Amino acid sequence: MPLITIEGPQLSKEKKRELVGALTKAASGVIQIPEEGFTVIIRENNPDNVGIGGSLLSEMKFK
Amino acid sequence: MPLITIEGPQLSKEKKRELVGALTKAASGVIQIPEEGFTVIIRENNPDNVGIGGSLLSEMKFK
Amino acid sequence: MPLITIEGPQLSKEKKRELVGALTKAASGVIQIPEEGFTVIIRENNPDNVGIGGSLLSEMKFK
Amino acid sequence: MPLITIEGPQLSKEKKRELVGALTKAASGVIQIPEEGFTVIIRENNPDNVGIGGSLLSEMKFK
Amino acid sequence: MPLITIEGPQLSKEKKRELVGALTKAASGVIQIPEEGFTVIIRENNPDNVGIGGSLLSEMKFK
Amino acid sequence: MPLITIEGPQLSKEKKRELVGALTKAASGVIQIPEEGFTVIIRENNPDNVGIGGSLLSEMKFK
């Protein structure tokens, strides 16, 4: 039953496939539950819908 | 206040109406809180964004 | 894969068993996915940790 | 690390900016953790995907 | 219906009361939905159950 | 900002430390965002609060 949810940026289908495989393998190895039991949900967030430190992620300047 | 969230496939508006009614009735009957107090949130997930057993749901073959 | 999460009050084990059965049956009937595919997570919330209309649920007076 | 998630209606970018700032400031003031440590996620829900008291929010009549 | 969830540290009941009031007032003012419609859920996380940058929050050294 | 939440069984502190490290490394490698930006939340679920296929996880017989 373990369920992994990841909130992050937009991803290509290739990256999603890779991410689901990597998260499942990593967690299964630690928790000692077979990979078959894991579900992963990927949420792609619009940077207008994320705030960091009180500012929109879409308007932050990274130096 | 009880809140029910369901993560599943794309649904028609008719199915959503039916689902909200059925989940609310089922939970209200067990928990003994009036139906008026329940909120339901339906999340429709793209099968590219769901992984089962390390593979994308959109790429699984069902036998 | 559908996943149902319910946020509500403390429940006895009997009520949890009944709730898991009732929510799964209700959703499976509407979405047309076999009951075997459903996961339910019950979260029991302390009424000190829930706010309704700006007040703690544990301090509301119901008339 | 504190994380605030808000489920609500569709919002303009201006409202999102204002909401992220207001929620972060409000929580930071109470919890006494600097604003820099806060993340906010805004989820805009289609009123067809929300149920209140067993009915779709999109079909409720407000008197 | 708007729902605000906050994941943070352990809080006293006084802080929870203050937090629920402050978040509800802040969001209601921006979204223009009456305070009565808001629900807040506070989740208090054990610092052993939070990871930042790959390390447990309970084992981080703050300089 | 990426946030990973994992719902699973009770874990020792050693397993939590290992899990946070493994999930962060796995996701950072795929998404190409530095590990420093990741938050992980571990939720340990009582098997009485999880349902699979309509039955409580605490009452399932594994053959």
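Which chain is which? They are A, B, C, D, E and F, in the order written, and residues in each are numbered from 1.
What we mean here is this: contacts are C-beta pairs under 8 Å (C-beta built on N, C-alpha and C of every residue); 3 or more make two chains touch, one makes a residue touch a chain.
All of these numbers come straight from a predicted model, not from anything done at the bench.
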item	value
Chains touching both chain B and chain C	A, E
Copies chain F and chain E - interface residue numbers shared by over half, same or different	different
Pair joined by the larger number of C-beta contacts - B-E, A-B	A-B
Computed distance of Cα centres, chain E from chain C, in Å	21
Chain A and chain C: spacing of chain centres that average the CA atoms, whole Å	25
Where chain C touches two or more other chains at once, by residue number	1, 3, 7, 19, 23, 25, 39, 41, 50, 52
All pairs of touching chains, each written as two labels joined by a dash	A-B, A-C, A-D, A-F, B-C, B-D, B-E, C-E, C-F, D-E, D-F, E-F
Chain A to chain D touching residues, read off their complex	7, 45, 48-56, 58-59
Interfacial residue positions of chain C with respect to chain A in the complex	1, 3, 39, 41
Of all residues in chain E, those that touch chain C in their complex	13, 16-17, 19-21, 23-25, 28, 35-44
Chain D - residues contacting chain E, complex	1-9, 11, 15, 18-19, 22-23, 25-27, 29-31, 33, 50, 52, 57
